[in-house]
Structure formats: C-alpha cells, structure tokens
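There's a structure below that I have some questions on.
Naming follows writing order (A, B and C), and every chain is counted from residue 1.
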Amino acid sequence: MIGIYLDNLRKNGALIHNITNYVTVNDVANVLLACGASPVMADEPEDAKEITAICGGLNINIGTLNTNTIEGMFVACEKAQELKHIMVLDPVGAGASKLRTNTARDLMKKFKFDVVKGNVSEIKVLASGEGGAKGVDADINDKITKDNLVKAIEFIKNYAKKINTIVAITGEIDLVSDGNSCYVITNGRKEMGKVTGTGCQLSALIAAFLVANPDKKLEATVAAVCTMGVAGEIGWSNMECGDGNATYRDRIIDAIYNMDGNRLDRGAIYEIK
Amino acid sequence: MIGIYLDNLRKNGALIHNITNYVTVNDVANVLLACGASPVMADEPEDAKEITAICGGLNINIGTLNTNTIEGMFVACEKAQELKHIMVLDPVGAGASKLRTNTARDLMKKFKFDVVKGNVSEIKVLASGEGGAKGVDADINDKITKDNLVKAIEFIKNYAKKINTIVAITGEIDLVSDGNSCYVITNGRKEMGKVTGTGCQLSALIAAFLVANPDKKLEATVAAVCTMGVAGEIGWSNMECGDGNATYRDRIIDAIYNMDGNRLDRGAIYEIK
Amino acid sequence: MIGIYLDNLRKNGALIHNITNYVTVNDVANVLLACGASPVMADEPEDAKEITAICGGLNINIGTLNTNTIEGMFVACEKAQELKHIMVLDPVGAGASKLRTNTARDLMKKFKFDVVKGNVSEIKVLASGEGGAKGVDADINDKITKDNLVKAIEFIKNYAKKINTIVAITGEIDLVSDGNSCYVITNGRKEMGKVTGTGCQLSALIAAFLVANPDKKLEATVAAVCTMGVAGEIGWSNMECGDGNATYRDRIIDAIYNMDGNRLDRGAIYEIK
C-alpha cells in the first residue's frame, strides 16, 4: 500500500528547488502544486545556492542546460548534499550529446543522488558509457517489454547496487530498484508520450515524495511513479471528443490534484521482483 | 466603479515589455492578450533597451533572474524611465536569497517604479531589510487577516508614502495603497495559490492597466487586482468534476478574456480605508 | 490535395531541433508531438551542434534571443547546412530591434534556409532594410487584404525568387511562395492572434512537414500553414461558453492531434496565383 506516501506529502508539504529545462518548467511547477508540494526555480549559481538551502529537495533536470545553469547545478548540488537534502537527477538526453552525457556523469561522480530517473537509453548510457538516445525518447531497440523484462530487471538491480542509488527507468513498463528489489510498474498510457514533459514532471514528483517520506525512499519513489501513471489513466478517461495532447496535459495534472492515497492505492499496479 | 479602466484597456490597448521568469512567461503573455494588451519579451541587454523603447510599459519580475537578465532589467529600466513609461516591479522571492533581495532593492534605489507588487513577505523584506520568504509564497506568520488588517494597512500606507510609489500586497486579502488611501480587496479564491504564476500574471495586468489609464494609476492598479480576483472566482465557478489546478489556470485566463468593465464592476469587492 | 503531406509526416515522423523563445516553447513541443513529429531543444552552442546532428530539421526562432543562444543558432545552422538538414527561420520581431534584425539578416546571409516565415512587417524588414515592427505583430499598415493582395503577391514572389528560398507571410491571409507560384491561403481565425505562439508553432510545423516531405517543400509548407489554419477553425468550433484564449490555445493543438490528411484536405482553402 503506497497511498500513504501521497497522503504524507499532502500533510507535510515539500519545497522543491528545480533546476530544469525551460520547455516543461511550467508543468513541473503546476504538478508540484497539484501533489501538495511547492516549487522554486533558480539557476544562477549565486541564487541557486541560497534557494536550495531553504528547500527540502533538489530536482536536477539537464534538458536545455547551458554553461551557466550547469554551474548552477553543481553549486546547488554541493549545498544540497552538505545539508543532506533529497537529490534527484533526470539526465534528459544523456547519450544525445557529449555535454549532456558528461554533465550527468560528472554530477553523479561528484554527488550522491537519492534517485536517478531516466528512460532506458539514458540510463544505459550512464551505466555503460555506450548507446545513443534519439532525442529525449527511448531508443526503440532499448524498449522494455515482457520479453526482455528479466534482463532489464537484472540490469537495473546491478546498476542501482553499483551506484548505491535508487534507479527509475520509465517507459511503457516502469522499473524502480534500489539494488535489492525491483518494482515493476505497469500504470500509465502510451499516449502520455505525446505530451511533452511527463517525464520531467515525474522527476519533480519523486523529489517531493521523498522529501515527505525520507525514511521510505524506495517506496516513495514507487508511489511517485504510480501517481504519474494512475494520473495518466484517470486523465485519459476524462478525455472527450475533440480533445488531444494539449488537453491531456492538463487532465494528467488535474488528476494528480484530485488524487488521494486511497485512489492511488486502488489504481497502482506493480509487482516486486 | 473601476470597470472603466478595463474598458479603456480594451479600447486603447497596451504594449508591455516583460522581463520575467521562464516558469510562468507563457501565462503572462496569454493573460496580456486576454485583457486587450500585447506582450513582448526581451532580456538580452542590447535587445531589451530597444524593445522597451517601442512599448508603453515595462514589467520587471525577478523570478529566475540571472547575471545577464539582471543587466537587461537595469538597461530596460533606464530606457523606460527616460521615456516616462509605466514601470512595475514584482520582487519574486525577495528575502529568499541575497541576489533577489539585492536586485529588487538596487532596482528600487535607482529607478522610480509606478507600482511595486509582492506578497507580504517580499514587501516586508523590501521595507525593512528583515524577514524571510519561504519560496515565493508568503510566510504564514505574515499573512494578512482580519485580525491584523489595521496594522497591515498602516504598514502599507507608510511604506507607499515613504517610497512615493503605489504598493500592492497580495494574499487572501489584497491591499493597494499610494500612501494616502488603502484599498482592501477581498476578491479571489485560495485555490489560486495552487496555480503557478497568478502573481506574475497580475503584475503584467497592472502594467497594462496603467498604460491604458496613466492618469488614474491607483485606481487602475486596483482594477487590475480586482480583475485577477474576479477571474479567479469566475474561473472556479466554471470548474467541472475532475478539473484541477491545470484546468483552473486556463479558466482564470479565459475569464479575463471574456470580462468587460460591467462584469468587473459587478464582481469587484473592495473598501477604501 | 495537400493532406498527403500530413499523412506522410505521421507515417515517417520527424525529429526537429528547435532553438526558440522561452515564451512559447512548451506549445512548440506539444504541437510537434501533435502532428506526429518529435521535439528536441538545445541552445548552448556545444550542445546545439550535436543535437542538430541527430535531428532531421532545424527550426530557428529569434524571439528572446541572447548572446549565447545566438551563438547556438549559428553553430546549429552550420552543422545543419553541412548535413543538408531542413532549415526554417522565424525572424520574430525583426524590425523591432537592431539585434533581432541583424541576427535574422546575418543568419540569412550565412545560411541557406529552406523556408523563412514571418508576418508581413518582419518579412518586409528583411527584404528592404526598412519598416518597423510593433512588437511581434504585423504593423497594421502592412496588413495584407484583398485590396493590396496583388501587390503583396508580387512582393513575396520577387523576394522569394531573389533569395531563392520559400517565403511564408502569415496574417489573416497567408501567402507562401517559392518565387514562381504563390499560394494564397485563407484558413484560420482572427482570434488566433489572441493566443501567444501560434506563429512559433507554425514554424515548427513547417520544419516537420518538410522533413517528412523533402521533395515537395513548397507544397509541404502550404500543408503546414493550412494545418495550423484549419486547426484554428476546428479549435474555435469546439469552444464552449466561458472559454477564452487559454482554452483556445489547447483546442488548436488538440485539433492538430486529431487531424489526418483527409480532414486537412476537406478544410484547406487556398488558391495558386
């Protein structure tokens, strides 16, 4: 039963500092408000350091990074680590360019994140130093299906254990592992891939869930992933004739706004492997 | 009767240059279009100066500021002041970091804004050099309620008089003062706090209302604040089962799009103290 | 019959690298997803070069440009040209500031775009070195109407021929010319001007349509323009009581999400002159 982690978040709140891409930043802010958390954004290094200090969690997303915001990421991570804040990394586009790959790797070398969340291409790049990412979507060859699920679970467990960090791989099947167990989550709808930023929103949710549930990081990560997936299902069920991906975007966030732990528990579909 | 100020805005139009944060900038653009104004955004110093020159008003919002955009703010303010344009400052997060606090203070030292609009924490920080801001939301201890209203009115009047600038403090109760009188506005809904950027939108609206009503700056500011609040009420009344904060965001802007002076007058709730 | 170009896009896909303004970037991403393409955004020069390399098309939009993103534009264009990628330029605000005017001109001097798309003020500025732009909207004096249509067609044909590039001028009447023929398109609704970013979305659509139809660039550009206009009409027909420009924004993108070639063919209204 993971609904309790959402209820805790609504009860406790969570102030999340996001250094994230400018494409989906508005949705990230609204999804945090939807789940009971509060967003702050600051990427200028001097500002990022102080803003991080007053928050409970730091969400780093490397989409649309630039020289200045990269510096902001490092400064914020340093302060967050010093203060033992929750730290989440979303390595958007790792593998698609050296700058993104290296930034993600350098951040992970220097700092201990609580959760690293990406699609299978991005995580494979971080794990192996190989592979390629087609834009920010997972390489089709890298798709996790029922057929390669056993191998994928083995991969994520090994990698999570190696880096001693919770790893979340998202796609049609989502995997979350701390190196010991692996949650296999089958919530969500494929149409979510037609809405920009659902992945970015999830990273922010993970940070919020962990800040509100610091002693149950693995379960809180799973709860965040399920929240996004269940919201995708509820949001889709609320679509009407003529609605498309722009309306769907709002309906997903709306569904989170209206969700409580009980609803999450009824909708969440996962197995522990 | 403040509806006339909205009607004037729709009749006269207003081209507003916004140097604002990238979190809510799209909503700022759409809310300006909704009220009959037009938006332009430019923050590179060289560009900001010229863009300001062709506009009627300048809206400075210091959320997600960086070294380059700060320079853009100063350059734009200098040009706007030279041309006697309407100038509005939204000191987002003043008190949350030195960079934000100092930027807001330095801008106010160097330039004469027509309106400074913030939550009570931000305005207190500017007024006193003390206090703290929790992210971009008002410190709970600083909330303006019926119980501390008399003191709050005294505070805003004194501060507005001291800086010879219209000051707007937003929250569940909104205050607008020019140092002589204080408007106490009780429009709006608490759920607006769950939509990112309603405050940023308001600052842009204030700039637009003042450009279209340059001889009635205090009343135009009040009209802008009431427009936002009434839109929040209308928007909420249009919410349906399953709707949440993402849809509410659109419904608020939609309500402004459909509002005229008559509707504003019927909805506006304020007292002059 | 231009519907085939939309069907091709849905069948073939198109990965579009966008260096675009932060005001409307989210809508640009969602409209690309709506039409069957995929978006990537990267503006840091080092990153932009590599990201462009993995894409099929490059969409350059100079709204909210800064020194760093301008460099990113040049680096990306150089790589895109080397790889013979589709290149589209949207000179937002050319004429409104020297930086914008010069950036657009310099880009066009150095690189061969497939399509340049702007409002009539912007295109006139590029063509003549004169004129002025009021914000990002077309100067009223420059509006293309039935009365000045013959002159406007002559202008666009001459300019397209001179620069050997497809030129699209958008407004209530849209013109698309390759220098030989000129398509006169009358889809769309004037209320689209109350939604920020429909122009930016169109540039991205053009890039996507051309990537999927590289041998029919003129017709694909026309198809993109008609898609946007027809979506504006469908979206408006789906508006309900109380809806305004924020909801309209979503309904336009939704309409594209639900459109196929057949629907486009039934809605497209154009003449070839």
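Everything below uses one rule, namely that a residue touches a chain if its C-beta (ideal position, glycine included) is under 8 Å from a C-beta of that chain, and two chains touch if they have at least 3 such contacts.
Since the model is a prediction, treat every value here as computed from it, not as a measurement.
Taken as a contact graph, with one node per protein chain and an edge wherever two chains touch, the assembly is complete, since every chain touches every other chain.
Chain B and chain C carry the same sequence, and matching their CA atoms takes a turn of 120 degrees, rounded to a multiple of 5. At the chain A-chain B interface, residue numbers used by both copies make up under half of all numbers present, so the two copies contact each other through mostly different positions. If you average the CA atoms of chain A and of chain B, the two centres end up 33 Å from each other. Shared contact sites, meaning residues of chain A that touch two or more other chains, fall at 22, 26-27, 68, 249-250. Interface of chain C with chain A (complex): residues 15, 22, 25-27, 29-30, 33-34, 38-44, 46-47, 50-51, 54-55, 68, 234, 238, 249-258. Those residues of chain A whose C-beta lies close enough to touch chain C in the complex are 21-24, 26-27, 63-68, 93, 96-100, 132, 134-137, 193-197, 242-247, 249-250.
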